[in-house]
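Order of writing sets the labels: A, B, C and D. Residues in every chain begin at 1.
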Amino acid sequence: MSHGNNAAEQVLRSSGVDVRKCMRCGKCTATCPAFDEMEYHPHQFVYMVEKGEIDKLAASPSIYKCLSCFACVERCPRGVEPAKLVEAVRLAVIRKQGMNHLATDAIPALLDEEMPQQALVSALRKYSK
Amino acid sequence: MQVNEYKPKIVAFCCNWCSYAGADGAGSARLAYPAEVKIIRVPCSCRVNPMFILRAFQRGADGVIIAGCHPGDCHYTSGNYFTRRRMALLFSMLDYLGIERERTRVEWISAAEGAKFSKTMSEFAATVASLGENKRLEDLRCKQ
Amino acid sequence: MQRIGVFVCHCGTNIAGTVDVVAVAKALGQEPGVVFSTEYQYMCSESGQQLMRAAIREHKLTGVVVCSCSPRMHEATFRKAAALEGVNPYMVEIANIREHVSWIHKDMAEATEKAVILGRAAIAKVHLNAPLQAGESPVTKRALVIGGGIAGIQTALDIAEAGFEVDIVEKSPTIGGKMAQLDKTFPTLDCAACILTPKMVDAAQNEKINIFAYSELESVKGYIGNFKAQIRRKARFVDETKCTGCGICTEKCPQKKVPNEFNMGLDNRRAIYIPFAQAVPKVATIDANYCTMMKTGKCGICSKVCGTGAIDYTQKDTVIEREYGAIVVATGFNPIDAKVYNEYGYMDSPDVVTSLELERLMNAAGPTNGTLLRPSDKTHPHTIVFVQCVGSRCDETDERGKPYCSKICCMYTAKHAMLIREKYPDTDVYVFYIDVRTPGKNFDEFYRRAVEQYGVHYIKGQVGKVVEQNGKLHVQASDLLANEQLHIDADLVVLATAIEPDKTARSLGTMLTASMDTNDFFTEAHPKLRPVESPTAGIFLSGVCQGPKDIPETVSQASACAAKVIGVLAKDKLTCNPCVAHSDELLCNGCSSCEKVCPYGAISYSDKEFRGPNRTTLIRRVASVNPAVCQGCGACTVACPSGAMDLKGFSNKQIMAEVDAICK
Amino acid sequence: MQAMMEKRAKELLADGTVNRVLGWSAGEFPYDITPAVFETAKELEDAFVYNDFCAANLSKYLVKESRKEGKILVFLKPCDTYSFNQLLAEHRILRENIYVIGVPCYGKADVEKLKAMGIEGITGIVMQNGTYTVETVYGDQTVKAADAMAERCLSCKSKKHVVYDELLGDEGEVDADCNRFDMVEKLEAMTPDERFAFWRGELSRCIRCNACRNVCPACTCEQCVFDNPNSGVSQKAAVTSFEENLFHIIRAFHVAGRCTDCGECSRVCPQHIPLHLLNRKFIKDINEFYGDYQAGADPEAKPPLGTYDKADREAGEGGRH
């Protein structure tokens, strides 16, 4: 385990998550509607951040597959907030790239009546810093 | 550590049943709070006479805190309710005389709340430290 | 001038590790009046006490200051040791340099300085101490047990066994409590009713035990040895002395649609009912909320069919007053309301049940006569999912849950799973767990049997949601070890809901001035050494009201509690706390300020003659304190404007001397 | 009024209802009036006065007087009756030994104010229709009552007697809007530094003559804690600023909830310290924190510091003023 590496610390700081509170019940993963799409699941994010394995997470498509629905945050009995970790890893990656994948101006063109509001918010969360 | 760092003197009157036990709990759990806080054990917060509080200020205390059982949990049924009324009036009077209100406090800390005890005392000590030395209720004869 | 001895304890390294005990002993040796000062490794040990006693003899000490652990720990020890050498126990003061110094400070210089200051304060106090003589108060040789579950029953039986009278106050119509609702018990699988009901009958037949069922405690006054309680005996509308418990009324009553609380609302009972066959007392009760006669004045069938004329629609609540020497709290628990867990669909499907509901569904005396059937369609469930830790082990961010482990769920779930697999081998049983906790005699063996012998699927991971779909319960869960999300179509989902103290506990705690923790469990006087006593003298704790427990633990605690109660009741007199208020008649104005704030009514007034100027006599009204009734809170001392009222052992002068010493 | 009172007193002495009369008698100067006990009609004729200089609250004297042989007649102004009731509630006076005659009061004159106006050689005073007619050796002078009235009377809370055996003259009303807390509010509105400066300015003048304590009808302790060497706070003279504060804080606290706001403390203070502002602060706080309470209005009422409510505010709650 590589505790206290810089990347992990940054993720912990920007997310404000206390990964040590996790007691590995897996209710986050049990709740996750994007489970099948995710390479790493919410509980793994928590565990891997704790172990300092940020590189693996950063390289995984999971950070974009997460729907940002926050069901894992809502259901966690100990207030760990896995989605915030997913978001923090993603932000770390996007910031390094130095550009947004989605600009606010580009949104109107993408709007679709069928698209739920939450998806839009989630997309902004995911593709902009 | 600085040599001349200002350390306030703080007297904590703790009721025997809740807050003194809470202080013991803080000790058992090794939850530190500043050494400036010195505890005097009283049977109940209602034993604390305003004269004791003024006496403490006279003798050089910079802050006085009274800790008792939570309202409704007084070992003697009603003692802390009387404490609450007496101290509400006394503190208001001290404030009226222009004496910093933050130097006096009442807190309800149960025997199970060691963490609260430590947190409360740390906070209070910091507040009193930020006010600096008690000048307005000092007795120069008691100063070194 | 006192001759004071100072004894500084190392407490091994507990104190000496952070406090320079030699320096403390030396510094305190310089204080005025201190004629002897020393330190020792363990003052509380036999040799430490011998050392103190020898010093008292040798130096003719009149006062003792021990710098050691909290007075709540060893004040009594040192007082006793001093008394053996003829020093009044109240001439001993403790400076708490462990809990209040060495354990919370790291810097040795700082800790040592504080220890010296606390020592000085104790010395300053001892200078003003006066020998106190403890008074005595009589003991009412009867105990009150609040709650008639297995805890209350066991405590009552044990107290009665020792020859003392016991009253059990139970709010529901019968004693028996939660255990009466259980099917089998772990890890032996013997039937709960088979082992409980004989005890209920024992309690009913024991002439030393009075059962006040369907009764609630209204008020409690007094103190250890001398409590006065008012008990409200709720109207059953049935004369207990006439009712034979034949049950004809409960069969003839036309109001059949009353949710049966004994069966967790899974079936209905009548408006007049006996909760279950072995109820004690076996007496019918009319539920006034549903009874047609009570609501409309028309019906009266039960009255007509009753052979003994026991029905009395005009019965009123009565309040009786009883005196007790000790009070036992045995108010037990309830499962939390599963309603709040909508992700598990408890409110959406009748086939999502709590574990206690499952107990009834499996019980031969339950709504299905012991055949496990789904509540929705009364079919046999083939796939059953158990969800552990529902509402247990949550932190403060989850306001629906409790922070503690409910302790019993792991074991009863293993029991349920095993019984189901035993009875219905064609059933698939899944248990989703966070941890499986089995510390107990034969507990882990029991759990392993469920896994290994009965093939129960234990899966590390939680259930995320349960949705009713086409008559099935779609369970979405995680298998953390396999890193999979599982989707199971279940027939029945069982929630192991957390347990919480009974709702009445909080107000009871206030009534008894017994302290509680933030979860409404009663606090014990010491978590390890006095686990069955409340910090409030004369109040004892039995069963889950103190914290989650299984049956064997509850029973052992109940018996321990009884032993403590017997210890009180066996005494003819209790030594009173001599630290009581007293009024200086020469200063008393007779203004009644003190009387108004006394919670015990310990202060009374009388007209007394005093010498006035020029050989005249003046008659003045003055206060006096009954030392047997005064508990020594000191409220009166502050209410008194003239300073006539003071508290022995915590006098104005003593406290001010401590203040002075601390602020010096 | 004086004649009426004197006549009634003589009657009650004559018919044996009472054997003494507690009233006022002229001192060295006509405005320098002191409480006095009269035992005969002759004594009454010689010295009894009642005029707008008769400020003293007589109820406190009953603590000693009511314990003597026989019944005593006392004349009480409306505000004095509150003190009387309070003393009664605290069992300090024996009601059965007292015959109370309520007398009206329209506000007493402050002789210092008259002197400050340049009025000299005062021999008497009469109030009528909001005007004092001051009799002097140089002839009568008229002054607007509001200009010469004692401070406490300007914010009089009640002109209604709360207890009496008989009433002479007109009965007045309780004045709910007497503005008696105006100055307290003004002080509360100051910054702590200003308040501190204000009170230092006032209390540092205290010479510890104990006049406030000795006149106060709530301060009837057999022995005051400040005189008791065993109390731990005894002091004869204030040596430091702390002791000045201590005496007045403790005194105010000891009478908190018991002080009827009669204003005697400030009246007798030779240093003109507005001591009533300390008591009024407690009264105002009690009213605001625990509901309106007027000590002495009802002898059966529960004193605010002798009772509590589970929902009481926390000490220090309510922020700064």
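FYI, a residue touches a chain if its C-beta (ideal position, glycine included) is under 8 Å from a C-beta of that chain, and two chains touch if they have at least 3 such contacts.
Only a predicted model underlies this, so the values are computations on that prediction, with no experimental measurement involved.
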| item | value |
| --- | --- |
| Pair with more cross-chain C-beta pairs in contact, given B-D and C-D | B-D |
| Between chain B and chain A, distance of the C-alpha-averaged centres to the nearest whole Å | 46 |
| Centre-to-centre distance between chain D and chain A (centres being mean Cα positions), rounded to whole Å | 75 |
| Centre distance in Å when chain B and chain D are each reduced to the mean of their C-alpha atoms | 37 |
| Inter-chain centre distance, chain C versus chain D - centres from mean C-alpha coordinates, in Å | 54 |
| Touching two or more other chains - residue numbers and ranges from chain C | 597, 639, 652, 656 |
| Residues within chain B bordering two or more other chains | 50-51, 55, 72, 78, 82, 86 |
| Where chain D touches two or more other chains, by residue | 225, 232, 305 |
| Pairwise chain contacts under the document criterion | A-C, B-C, B-D, C-D |
| Chain D to chain C touching residues, read off their complex | 67, 90-92, 220-225, 228, 230-232, 254-255, 258, 302-303, 305-307 |
| Chain C residues within the chain D interface of the complex | 586-593, 596-597, 605, 618-621, 639, 641-644, 652-653, 656 |
| Of all residues in chain D, those that touch chain B in their complex | 184, 187-188, 192-200, 225, 232-233, 239-243, 245-246, 249-250, 252-253, 256, 278, 281-282, 285-286, 289-290, 304-305, 308-310, 312-317, 320-321 |
| Footprint of chain A on chain C - complex, ascending | 343, 389, 393-398, 401, 432, 434-435, 460-465, 476-480, 483, 485-486 |
| Residue ranges of chain B in contact with chain C within the complex | 9, 11, 16-18, 20-21, 23-24, 26-28, 30-33, 35, 38-44, 46-52, 55-56, 59-61, 69, 72-79, 82, 86, 110-112, 118, 142 |
